[in-house]
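Here the structure is laid out as structure tokens; the discussion comes afterwards.
So that you can tell them apart, the chains are marked A, B, C, D and E in the order they are listed, and the count of residues begins at 1 in each.
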Amino acid sequence: MENLGQIAMQNINMAAIMPSVVLSCFGMLLLLVSVFSKRGRTTHVAWMSIVALVVTAAVTVSSWNNPQEGFAGSVVLDNFAIFFSMIFIIAALLTILISDGYLRREGYPVGEYYPLILFCTAGAMWMASGTDLMTIFLGLEVLSVSLYVLAGFFRGDVRSNEAGLKYFFLGAFSTGFLLYGVALLYGVTGSTKIAAIAQHVSEMPAVIDNPMMIAGSVLLLIGFLFKVGAVPFHMWTPDVYQGAPTPVTAFMSAGPKAAALAALLRVAIIGLGSIQADISALFWLLAVLTMIAGNFIALSQTNIKRMLAYSSIAHAGYALVGIVAWNQIGLSAILFYMLVYTFMNIGAFAVLVLAGKKGEENLTLEGFAGFGYKRPFLGVAMCIFLFALMGLPPTAGFAGKFFVFAGAVKAGYIWLAVIGVLNSAVSLYYYLRVIVYMYFRDPKEDFAWVKLEIPAVVSILLAIVGVLALGIVPGPVMELAKLAGF
Amino acid sequence: MADYLLSLITFFPLMGMMILLFIPRDNEGLLKSFALGVTLVTFLISLPLAFDDVFAVSGGMQYREFHEWISIGSFFKMNYNIGIDGISLWLVMLTTFIMPIATLSTWKAVDKNVKGFMALLLLLETAMLGAFVSLDLFLFYIFWELMLIPMYFMIGIWGGKNRIYAAVKFFIFTAVGSLLMLVAIIYIYYYAASTGAPMEGFGVQEFYRLGIPSAAQHWLFLAFAFSFAIKVPMFPLHTWLPDAHTEAPTAGSVILAAILLKMGTYGYVRFAIPLFPEALQTYLPLLAFLSVFGIIYGSLVAMMQDDVKKLVAYSSVAHLGFVMLGIFALNMQGMAGGIIQMINHGVSTGALFLIVGFIYERRHTRQISEFGGLAHKMPIFATIFLIITFSSIGLPGTNGFVGEFLALVGAFESELRWYAVVATTGVIFAAVYMLWMFQRVMFGKVTNPENEKLKDLSVREIVIMLPLLLFVFWIGIYPNTFLSKMNPAIEQLLNQVKSKQVAVVEPVQPVIAQTLELK
Amino acid sequence: MITVYHYLILSAIIFSIGTFGVLTRKNAIVIFMCIELMLNSVNLTFIALSRHLQNMDGQIFVFFIMTVAAAEAAVGLALMIAFYRNRESIDSDDFNMLKW
Amino acid sequence: MYDYLWLIPFFPLVGFVINGLLGKKIRNEAIIGGIATLMIFLSFLVACGNFFTLLKDSEKVHQQVIASWMSIGNLQIDWGFLLDPLSALMIMVVTGVGTLIHLYSIGYMHGETGFYRFFAYLNLFCFSMLMLVLGNNALVMFVGWEGVGLCSYLLIGYYFDKKSAGDAAKKAFVVNRIGDFGFICGLLTLFWALGSKGVWTVNFVEIAENAHLLESGGVVVTVVTLAFFLGATGKSAQIPLFTWLPDAMEGPTPVSALIHAATMVTAGVYMIGRLNGLFAMAPDTMMTIAIVGAATALFAASIGLAQNDIKRVLAYSTVSQLGYMFMAMGVGAFSAGIFHLMTHAFFKACLFLGSGSVIHGMHHAYHKAHLHDDPQDMRNMGGLRKKMPITFITFLVSTIAISGLPFFSGFFSKDEILWWAFAGERGHWMLWLVGAIAAGMTAFYMFRLVFMTFFGEQKTDPRAKDHIPESGLTITLPLMVLGTLAAIGGFWGVPHVLGGIFGHMPNYLENFLAPVFEHTQVLNGIEIKPEMAHSKALEFGMMGVSVGIALVGILGAWFMYIKNPELPGRFVASFTGLWRAVYNKWYIDELYDAVFVNNCKRIGTFLWKGFDVRIVDGIVNGTAWVVKGVGSGLRYTQSGFLHNYAMAMVVGVVVIVGYYIFG
Amino acid sequence: MLSILFYLFATVAVFSAFYVTKSRSPVNSALWLVTTFICLAALYIMLDAPFMAAIQIMVYAGAIMVLIIFVIMLLNLGTAVKKRYTHALVWGGAMSVLMLFVTNFLIRRGVPTGKLGDVTTQTIQSYGHTELIGKAMFTDFLLPFEIASILLLVAIVGAVILSKREV
């Protein structure tokens, strides 16, 4: 008992959680800063959070190829975690860049917004780097709770309230299932550590026929699928995405989705590799349903924000295809895809952020009529992002889809790939419709309210660079994604 | 220099586009001249290709460039692998040749957002050239899809009344097909990788040598064929074409007809046929049937059109039927005929669209009934129109004849004899619909007072048409210029196909065909 | 003899009742309470299994679940208050601005 | 001289290019017409040179290759020319008659707008026709074949502001295209059929040499020749594709003379002659040709009986005469057919030019009197012999020639055909009978024409009556030349039987053409039936009969139009239905419209509006609609109610977990 | 004896849990929920987890429930006026029964095969439950503990932001 401290100290390996620690510390610092800031002044908080993210990025990257394990095997900062962490950081960075002006426009210049994003990012990092279900769960909760708050951030706006509440209730509900799954898995394997679960299964192969094991695994995965937004656990997505403040939606659609996928991948591939066949079969179906639901419903949307929400469901479907493939290409492809998706989706939302009036009642297709002529830069940017979302070369969206489907084809899931590409064909329609309104319709409005704020423009430019660079030379990043695979 | 000639040609328009973006948008004259300059220079630097005699000697790929592009360990290798042979040579030349003409045709026609149009035009040129020179399936696919974007905007922004429907239809039709092809492309790659065959990424030449198992070939072929059939377009996947053509601005229609449609036929020649020779055997009768049906169909429907542009669009369906029939004959004449016919169609139908554009610019209508008696008012126009009409009909001495004839010779020599007989009726229908249209537009008295004041062609318009007329007669009278350089390439291609078609299963022929068979 | 199964079944029953409540109640606070019920049933499962497996991990997990429950309660109730201020209701049927 | 063979088509081409490009600038009719006429005249001179060289040469086949045209795989096609007696004869006719008609046109077309255009087209036509005739392979022939079709189109549509002219031009081209379809099919089948025997060729000489590789009388040969024959029916206006020719009279009269009488329409006959080796191997085809020819001869003649338009009568007469030629080809009387082709070129060109002269005069008169009556309607003519004596005489001579009165050119050629039809191995007395009846009809309607036009009293509107002049020298000179040829041209091919009468005059023409046809005839046993071959009495008898029939026709015409001018009216009144049917060309055009044209239009409309728009686009849009519908249906699952969302999750969980537990 | 106690608490727990869902008034629901919590705490004691029982009472019954009741009072929520949907009731009931069926089945068939640890009743009694928890918490589960602190921070900040009246 007396050497308790010593044991604890031995276990600790701060390097393994350095990025999240840095981020959390900055978060706390920023909380203080915002407390002592003049009300309504948040820009400096935004810039500081950007500094925080940049520092974190540097810290994160420095561990590349140098996996750090720590805290008694409850966390590991391996390439996988680093890759995903970078995705979160990029997502957060792009989001913060577009947030400041937006918050002021909508009348909520609250400094706490930024620390919440940072905490959320930190939570995502724990999800990606957690090797213990407990860590992952707590990371998930940090992420979720901050997102509940962020989604309902516009407390005077009913729709934001509603988004927050829906997200909260359904999130908590799904947490129940996730936890029940963890409990069952714990019962079967005696541990909540992913490695231990895997080891237990390999020692007792018979356990894979144990209903508890299967039910536990499935419930656990369902918990993550909820966050990913896969059918039939996707129902919250459109409502929440629509109601939440747009930058939050942008962030939510990229960062947390990637985090959930990260956790899902680590749990599934490392912990539950033994029931791969079952998981692949399940995910095959879910991927198909997700793609179909997302794409088909998006067709009839007139609110662009909501349409992008459905499209994000569809994209989750594409990502799941990579898991079905269950091979190295599929895995790397998911990593790559999430990165690409971060760029293109946040980019698209960034354009929406700039194009919206206060209250964002104008983010409909009709409201976008002639936008491309009046705001050429944003129009072109939106086109690039939409083409990327469609998956057209030479944007990164194409490369991402290509890799994902390549994984599926290599694993022999040709029909899945076919369904996938047909779904992308369906998706063309609603993405094109935005372009139709932007360019093929005569402008009704002058879009005079659209101000090209520098940070948001920087964000859009970064996204464009990301989308095009990853599209034209996907090689290096894909190589990194490959190294990040298990 | 010669080592990078193809790249230079391909990316020169893109570089031009980059520079064009810095030209102020108000300076429309400069924008147009600049775009024209870029396309002209592209044409000029592509000229050495046409004069290179190596194509007359060797059927292999020339001007090869090979750079590793994307290489992800054991996953993929995509290479920047380009080159041309005698077949793609002419399509490249056609592209570089048509583009300045198309650019010139926009002088009066495009008045809004000139900068955007010119930028898209140049982007499109790069995409098309890229698709023709790619020897890597992945690279090809990228250019193939890239083509959609500029064309989509061209139709959608500068198009006619119904442009949105047409643009979206065009886009989705084409994309659906190509997406399936993408799956097939990936499959081939992994199949190749699994056999351990030596391969250079998605290099199509390496894939040629691959013996893909029959069962897989079938669906792979279908995926490719479907994609290309949409682009060609073959009956019954053609319905996007009339809409797209009708709505597109003149330059768009010209490019669409002259070059973009060739992507489909070229795709068959370069990819679908040599990659899957066995599957081809199975589907040959079906495809031949569709080609022939397309000829008749396109002609009959064209006959009844009251919109000049739509008529020309449907005539494209018929013309491309000949191309496809020639290609499916799988012999020297047929293939050569198909390829010549591709060029012909580019020249003649491109010219027809220009012609329609000329009168559209003057009268802002394309309804045949609005016209009549134009020959009085516009004699030069009438003459050029007449020549192009007869070229389209396939009068000997013009280009149309050489292509159709060779395609038919090939088809008669092959098992597709009976299809060819039916296809030959196409020559009748072509005369019917073209001449009827010509008569209604040009002959008779000027009944519509609005036509009284029509001006004859301007110098610019004549300059646009002259090169096309030159090729109408050049190909018609001395096609050997072209044939001699595609000969070795076709021969090599056919050997490639024939060597893989080991167990030749005779397609079932009608009884009468067997009786005709010589003992 | 009371075995671990008894506890597990009990927790399953409570879990199902919690689900039932979530699915049928309209008052947001009650729904939230039903979710708490579900979490509690999970806690029971954990502790029962922890006891059965003679290992403390499960109980630690429960500890964190409680923490999470508290955190969620705080945020959730704050959200409800905010909503109530705008709509004068926390009836889940009134969460109907966002649909389709 | 052979080296200059290529110059023959080249000169007219030069003329075409000069007039086509510069004509509008030149403006001076004399220069334009002069250039055009000079060019074709130069051709004529070169043709003469080549003709006489060939006459003296013992080697009767000469080829000249200019350049390779298409060369791919085993298909080698050259731009090459072939001079043999057949083509030599043809170029003489084409350039000779062509020159005369060019000359004639200078006068006839005086003052027309687009004068240069006319001459350019005329030159282009001559070029194409010469390509057709001289081509050493089927493809070059086809160039000419289509080229003459094009020129025919352009020239018929010369007065393009008249709708009827446009229609006629289009009809001519399209109907010709139907024939071309046959030509191409025949050509390609032949290419393949010979190719599969190891000889890949389209060269006429090689085809002739290798025709024996094909099974004589076999399916292939029959199909090939039938297809070629279809081509010939189109160009030469035979049943069933004759309908375009009468309409083609919309063109200026010299065009009718040159293209639709003397040269182009005989291309089909020429083509059969050119491919005689093949045709002879297909007795079935030959029989078909003979029957079709005979039927056309009769049928067209019957229509000719009732026409009132002077040019239409001649048009149907042309169709009828072409039927004769085909009958000749069909029964294997190749040289007789070619002979008739030549004599027909003389007299029919003369007739057309004569009618043109009449029309010109009438037109002039109406113009002076400011009337807009139809200058071509014979009912408004009459008694013109005094006004236009030269025209009258030449016209009469040609009419006698076409009617087959002894010792005029038509007599020799027609009788030879009838003799072969009757006595040839491949002949039949029925063919002869039909031919003879047609000859009688021909005599009748031709003299009817002459009587109505030149005899009797002048029925022209009194105001215009006195303004009818005799035409100028450029018009009458060609008439005189052609009239002379029509009269004496037959002596070049006097039958053996009659040869004795003229001092053992040999059949020059037959001997001249022998290198082309004799081999075939010998090889395929095409000759006069042995039992009749030596019966001079029979031959004379037949000749007598046909002359008799012709005389009956002439007398009938005289009786009806000179003696009893009211008779035709009464006849019409009592046989209204029949007359109307004949007058309306047996309603063939209407039949074709109903069966082919309208159905094609209907199918076209259906395919467009029904199939394309409804079915294909229906499927496409339907798919889109369904997808969208499914989307908007699914959309309502997103009800916005928390319960439903939670329920979906629970259902998902239960189903998935249940499946894995129980499944 | 233990069995009787188990069944007693279990029955009360299930009964009160059911009444949480059934009561019209949210306050009643809250009170029934507290009852359930207490029963569960009792069961925890029977499972040799007295520390968990204690914090169950303190955290749940003490903190969370107070918060809930506070909010109920604050919002002055009375008895539900509207009835529950019958179809929601039917479907919800059906799904819950199905779920119960599934979970029941999997628990009956499933075997908690996890490796047995060394924390027996004796260990617990000799070291004390709290100490064991604490030891685990501060060695193996140090990181989750720290994360939990961040979580609470986030929750606090969030609650403050959300319930502030104005900006």
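Everything that follows uses one rule, which is that a residue touches a chain if its C-beta (ideal position, glycine included) is under 8 Å from a C-beta of that chain, and two chains touch if they have at least 3 such contacts.
What you see is a predicted model, and the numbers here were worked out from it, not measured in a lab.
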> Hey, how far apart are chain C and chain E in touch steps, shortest way?
Replying inline: 1
> What's the overlap between the neighbours of chain A and those of chain B?
Replying inline: D
>> Suppose chain centres are the mean of their C-alpha atoms. Which chain sits farthest from chain B?
In response: E
> Which two chains does the highest number of contacting C-beta pairs join?
Replying inline: C-E
> Taking each chain's centre as the mean of its CA atoms, which one is farthest from the centre of chain D?
Replying inline: E
> Taking each chain's centre as the mean of its CA atoms, how far is chain A from chain C in angstrom?
Replying inline: 25
>> As a quick test, compute the distance in whole Å between the mean CA positions of chain A and chain E.
In response: 30
> Counting in whole Å, what is the centre-to-centre distance of chain B and chain E, each centre being its mean C-alpha position?
Replying inline: 70
> In whole angstrom, what separates the CA-based centres of chain A and chain D?
Replying inline: 79
> Which chain C residues reach two or more other chains?
Replying inline: 8, 15, 18-19, 22-24, 26, 31-32, 49-50, 52-53, 55, 57, 60, 64, 68, 71-72, 75, 79-80, 82, 85, 92-93, 95-99
>> Can you list every residue of chain D that touches 2 or more other chains, as numbers and ranges?
In response: 635, 638, 640, 642-643, 646-647, 650-651, 653, 657, 661
>> Quick check: what residues of chain B touch more than one other chain, meaning two or more?
In response: none
>> Output every touching chain pair, sorted by label.
In response: A-B, A-C, A-D, A-E, B-D, C-D, C-E, D-E
>> Which residues of chain B touch chain D once you look at their complex with the stated criterion?
In response: 169, 173, 236, 238-239, 242, 297, 300-305, 331-333, 336, 373, 375-376, 379, 390, 395-397, 401-402, 405-406, 408-409, 412-413, 417, 420-421, 424-425, 427-428, 431-432, 435-436, 439, 442-445, 477-480, 483-484, 487, 490-491, 515-516, 518
>> Show me the residue ranges of chain A that touch chain C in the complex, using the header's touch definition.
In response: 134, 137-138, 141, 145, 148-149, 152, 155-159, 161-166, 168-169, 172-173, 175-176, 179-180, 182-184, 186-187, 190-192, 238-240, 242-243
>> Looking at the complex, which residues from chain A come into contact with chain E?
In response: 1, 4, 7-8, 11-12, 17, 24, 27-28, 31, 39-40, 70-72, 74-75, 107-110, 112, 115-116, 119, 122-123, 126, 132, 134-135, 138-139, 141-142, 145-146, 148-149, 152-153, 155, 164, 184, 186-191, 200, 204, 207, 210-215
> Quick one: in the complex, what on chain B touches chain A?
Replying inline: 69-76, 113, 141-143, 145-146, 148-149, 152-153, 156-157, 163-164, 167-168, 171-172, 175-176, 179-180, 182-183, 186-187, 189-190
> Which residues, counting only chain E, touch chain C once they are in their complex?
Replying inline: 2-3, 6, 10, 13-14, 17-18, 20-21, 26, 29-30, 33, 36-37, 40, 43-44, 46-49, 51-52, 55-56, 59-60, 63-64, 67-68, 71-72, 74-75, 77, 80, 82, 84-85, 88-89, 91-93, 95-97, 99-100, 103-104, 107-108, 112, 114-120, 132-133, 136-137, 140-141, 144-145, 148, 151-152, 154-156, 158-163, 165
